[in-house]
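When the chains are written out, they are named A, B, C, D, E and F in that same order, and each has its own residue count from 1.
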Amino acid sequence: MRLSLPAPQFIDLTFQQVAALPEDTVAILPLGAIEQHGAHLPVSTDYLVATSVAEAAVASVAEAGTANVVLLPGLAYTKSDEHHWAPGTIWLTWETLMNTLIDIGRSLANSPVKKLMFVNGHGGNSALGQVACRELHRRFGLQTFFAHSSVPKDQGGVAAIDVENGFGVHGGHSETSMVLHLRPELVHMDLATRQVPDAMAEYKHIGFGKSVSFGWTSDDFGPGGVIGDPTGASADLGKELFEAAVAKIAESIVEASTFKIG
Amino acid sequence: MRLSLPAPQFIDLTFQQVAALPEDTVAILPLGAIEQHGAHLPVSTDYLVATSVAEAAVASVAEAGTANVVLLPGLAYTKSDEHHWAPGTIWLTWETLMNTLIDIGRSLANSPVKKLMFVNGHGGNSALGQVACRELHRRFGLQTFFAHSSVPKDQGGVAAIDVENGFGVHGGHSETSMVLHLRPELVHMDLATRQVPDAMAEYKHIGFGKSVSFGWTSDDFGPGGVIGDPTGASADLGKELFEAAVAKIAESIVEASTFKIG
Amino acid sequence: MRLSLPAPQFIDLTFQQVAALPEDTVAILPLGAIEQHGAHLPVSTDYLVATSVAEAAVASVAEAGTANVVLLPGLAYTKSDEHHWAPGTIWLTWETLMNTLIDIGRSLANSPVKKLMFVNGHGGNSALGQVACRELHRRFGLQTFFAHSSVPKDQGGVAAIDVENGFGVHGGHSETSMVLHLRPELVHMDLATRQVPDAMAEYKHIGFGKSVSFGWTSDDFGPGGVIGDPTGASADLGKELFEAAVAKIAESIVEASTFKIG
Amino acid sequence: MRLSLPAPQFIDLTFQQVAALPEDTVAILPLGAIEQHGAHLPVSTDYLVATSVAEAAVASVAEAGTANVVLLPGLAYTKSDEHHWAPGTIWLTWETLMNTLIDIGRSLANSPVKKLMFVNGHGGNSALGQVACRELHRRFGLQTFFAHSSVPKDQGGVAAIDVENGFGVHGGHSETSMVLHLRPELVHMDLATRQVPDAMAEYKHIGFGKSVSFGWTSDDFGPGGVIGDPTGASADLGKELFEAAVAKIAESIVEASTFKIG
Amino acid sequence: MRLSLPAPQFIDLTFQQVAALPEDTVAILPLGAIEQHGAHLPVSTDYLVATSVAEAAVASVAEAGTANVVLLPGLAYTKSDEHHWAPGTIWLTWETLMNTLIDIGRSLANSPVKKLMFVNGHGGNSALGQVACRELHRRFGLQTFFAHSSVPKDQGGVAAIDVENGFGVHGGHSETSMVLHLRPELVHMDLATRQVPDAMAEYKHIGFGKSVSFGWTSDDFGPGGVIGDPTGASADLGKELFEAAVAKIAESIVEASTFKIG
Amino acid sequence: MRLSLPAPQFIDLTFQQVAALPEDTVAILPLGAIEQHGAHLPVSTDYLVATSVAEAAVASVAEAGTANVVLLPGLAYTKSDEHHWAPGTIWLTWETLMNTLIDIGRSLANSPVKKLMFVNGHGGNSALGQVACRELHRRFGLQTFFAHSSVPKDQGGVAAIDVENGFGVHGGHSETSMVLHLRPELVHMDLATRQVPDAMAEYKHIGFGKSVSFGWTSDDFGPGGVIGDPTGASADLGKELFEAAVAKIAESIVEASTFKIG
């Protein structure tokens, strides 16, 4: 059986409809962020990308009928402590976010839905999100998955372009392109400037995507708030990245719906 | 000076635009809930009402130019522990919600915005929300306000109709009417049934809106999840209630923008 | 059967007497406060009123034999963060007070006593106390009740006199009268002064007892610590208020002893 | 200068009187407990002893004029987890009690009073109370003191009588005598029975008052709730112990008022 | 200047020697784990590897004089919740470990040492460790680094051998080889068995080292406790891996000692 | 049956060997501290003493075959808040240490080992350690014991020499002697100076080892960090103290292995 809901929004259901959901239903929880993204991007950037990718992926799966899936309201406010210095950043502490994820997982476990996939748009959530995945699995028996609406450079993502020297982690080429595709009217390309810690490329072990990570806040890189080079971003690339992300998440949802270990 | 933003969404701004907001700007944070609302209403009911009322009120104020106001993304998941028993309810503990509100207030206080108004759609948030208002005022110097998108019966709201005997606190006449107005396709009127603790009217002191309140969860009232009588609800009444609520919140925003004690 | 204890103090019992209490016994927990009350009233004011009213009400019920009731030692130190600025205020954080109430409820639930009524003398406890009532009900199955030894103006209480303009919430006409009745030697009427935020009456929506509440600390109203007008207070009015409160609490105890929903 | 208050109760003061207290004032906080004390003693035993001793000592010092001292309302509910099994025990967790003591100390530090002495009647509070003394000293600069209204056997107290074999730690000879002196009508001597772990005397290192302590709850010793032998208790011994305790605390208050290290 | 301590153990210093450490000193904190490692390896495996690698790397740097470095006592007990089911696993919750790391960082920041590198031997610590790196950097201004004594397969490590199909994350080929090199007497090769979730290789997106991670506990993979194939492990490979790890960490320490962003 | 392990280190065992441990096995957890110990002693002093004494005692018991015993890795970082001011002190808050002990006890309780003895080398841990003993006993059913590798003067230890006037609690005669015995190369006797609060001897009730304790931090006693007189310390005395401590702990382990109440 497949859910054939017109719009597979979890919150459009009554509680009795939730109680009747199939056990292989995958619930999708977008994780955004409200945080500074340089002078040219809105503070909603990560929230916009995460919810847009998740929504499109869910719609695509639902339409194809390849898995049972429901979309949960995304979290706008998450762990943006690396941008704490900037007006417009609204951030939860590690403890508050972790407890929020625990509470959501605990609640979900009181329904037939036993599969929860985070679709994360903010690099600063990745580490804690993975801690949460294990916690929810151990305590509530949920199958949990952590997916990225786009993999940040400092977490193994492929560098989009040479000009960023591998440092496009925040407000750079790809992210700016994404927003140019999704909400062009919110992008101030005239204010986009390159801010790349080129000297860090000298380090063999320490750095983004290298074997030794380091603790940083975004003001370590300069006052502009960007880590990367948005100047060459384009809506076309954004469209390409967006569609690739949607396809990847949609496929991941299908995998999750039948996921078994061993 | 008045903000003349086309759409006064806080998250559409860049961090530098946030940094330039006038000091009398009122930030509006809708508080919803994802929780069972009986067999006939979606679990989104309170979230839907709170965000719809808040959005319309913000738009109205912005259009009229009577105050500087920005809308924050609403909280979908809040304190719905009274509905913990029902699949589809997703609830935060008192501690998690309180810390979430503290984190948001602390973050906001790192910007020129010093006025924060909660527009609350869920009765179960009222008490803790008021605790938060004081905490944010004391610790971060914010002016805080707690408004209701519709005042629940057990917190002083006027009883809409006699048939509910004053007990229409959850999924009843008014709330159902509101959703019939806002999202009629989500209402299953065929499943709407009256569940009213009529016998409680006998108590002189203890009860909803009486001088002695009591601790309850919604399953105390029966398995249906409703406390009230939704059977006579109508979209017309919903429209009326909605517009009254929007007007009230809009006026409250204007008051908040110049609010002074003494 | 009715308890015919000479003095129905919970703490005078042995643990085996507690173990033998009837299941309809109502335990009464006074909630006071130790906090500044202006230049003319002792910091004990709320504690004095709450414990005096509770004790008299319990004695009256026990004497009448209309319900089984036991009195617990009241909490002197509670949530007085709105008076944090003043020497003599001793306040618990929201987290400490909430955990205290949870611990007491959890302990009580390990006895036959399943009904707990707070008799609250401090407006600053009302919101959190109601959060606690639900928490104790949900987690430990207690029937919980929240009553006021006198309802503060900002929480729906009837304004005692016109001169306060509806703002007599702290150290004003009624409260001063109560202490003049209970402990006249502790009242310094020569130091009593009016401090009323008359200008606030202009607001239609925001204010004490209006539809939009706001976060305040008592120093927002001036350095005197009072919100109201104690100058015309009298022991006679205090006696009247006290006796009315005792009667109301006594009746509420009787209601609680047989309280049933639906 | 010496305080010449008729009754040196902290809570009888106005906040401005608190603000005018001398800096060498010693604030006394009795720590009681509400917990099972065997079949013959009320659950209030430790609270009764702690508050009675503290009150008499404060009165004695105030009358003699040998130090400035004020009495705070005692804590009835403290850390009685070793008696968690018994109806009538009302206990705070270690975290709640610790935070309560921190909150009280933090509040007091916002006044001229910089000296705080706990007068403790419950052995189960001793360890955590000492942790609190250091915490309050380090964080708020308070001089803190921890005194016992009677030193329990397992914490170095002198064994009162041979018949208890050194095990009279709870509801035994001395404690029962104390209550026989203070509130004879609450003691059920006909239900008093000896419950002493005589075999434990064999251990050279492990035991009450020996070099190796051990974790216990009172039900480890049998169902009666007593650890000791109350059968020979007398009001005369109680009077003697009480007066000795009052004298010791009174002298300690005087020492505290001028206490200096080095 | 270079520290020329005979043995650069932080804890061998007096507090005044600590106070005199150069500001570019790198403090090394090994993170081990005490947790089940299958039938053939001791529960100390990760602790052994982390501390051995760290100690050798520190010695090598100190001997070469290429950086100022001190070794801190490693943490034996960390976040092993994925092995919670097995006797012998001793694990801290996410909250306890995080607070431990915060406390250590806060303490260190009260000395001239401003650089802290974790050398982690347990995959289960990686996510939370990175959360801690940011927290310590933001709150205490420490430069923080997170290095692995050997990178686990599910976090981007290179698969050692084909037979494990990329699943050698716990008690497998490399880890067993390491212990065979370091403490051969503790390895029970006769009990070593292959336990590899080969079927998981079918998933395109979900899996160890793939783009979508998942929440797991080690008993998901079978009762043996191993995830990998230890049967072909050898002390020779262990020696090779160990020396490579030591060299990598030593180089990383040198980089950290002069690390600058931008 | 007796464990005949060559080296009874808990962490050398596999999880299945842990699962097969006899139920009367005593697990020993040394509690050290990393904290300033004056100009002449290393910050490791307490950790060194606790682990050395515990290790020797465990070896002695294992060799004699008088009890089943296993040694756990000691805690280096504990509650040293009284030395918070000094570089080199690394301290956990009361909450972090308590939760660490709870986590360890909870984990151990998931194995056949039901007896846990702390061997404590740091006076600042004694109070909280005893709180933990009760908590672990109540919550997890563990038999818990709290032993001292050397009893500090302020907790009932016998004063070693007259010259310290009973104040040798930190870095004094005995402790310095111990380190002279164990690690003479780490002691800087040329920097050892007497710092004794002789005037405190005047107090009858308040003081180390007297009936009223007080909250202190080590900088209350002067800038040197010592409380005592190390100048006459000797390796010979250290050897004597060490051997006595080992013998005492060894005997205590044997007692613990058969400990029964009543």
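Side notes on the structure shown:
In this text, a contact is a pair of C-beta atoms (placed from the backbone, for glycine too) under 8 Å apart; a residue touches a chain by one contact, two chains touch by 3 or more.
On a predicted model such as this, the values are computed, not experimentally measured, just so you know.
Graph distance from chain B to chain F, where chains that touch are one step apart, equals 3. When chain centres are defined as mean Cα coordinates, C lies farthest from chain E. Simply put, chain C must spin 120° to overlay its Cα atoms on chain F, rounded in steps of 5. Relative to the C-alpha centre of chain A, the farthest chain centre belongs to D. Separation between the centroids of chain A and chain C, computed from CA atoms only, is 48 Å. With touch defined as above, residues shared between interfaces to two or more other chains in chain F number as follows: 84, 95. The cyclic arrangement of chains, taken from chain C and going next to chain D, is C, D, F, E, A, B. Considering their complex, residues 9-19, 34-44, 47, 72-73, 76-77, 84-93, 95-96, 99-100, 103-104, 107-108, 110-112, 186, 188, 191, 225 of chain C touch chain D.
By the touch rule above, chain C contacts chain B in their complex via residues 81-82, 84, 94-95, 98, 117, 124, 126-128, 130-138, 142-148, 151, 156, 197-200, 203-206, 211-217, 220-222, 248, 251-252, 255-256, 259-262.
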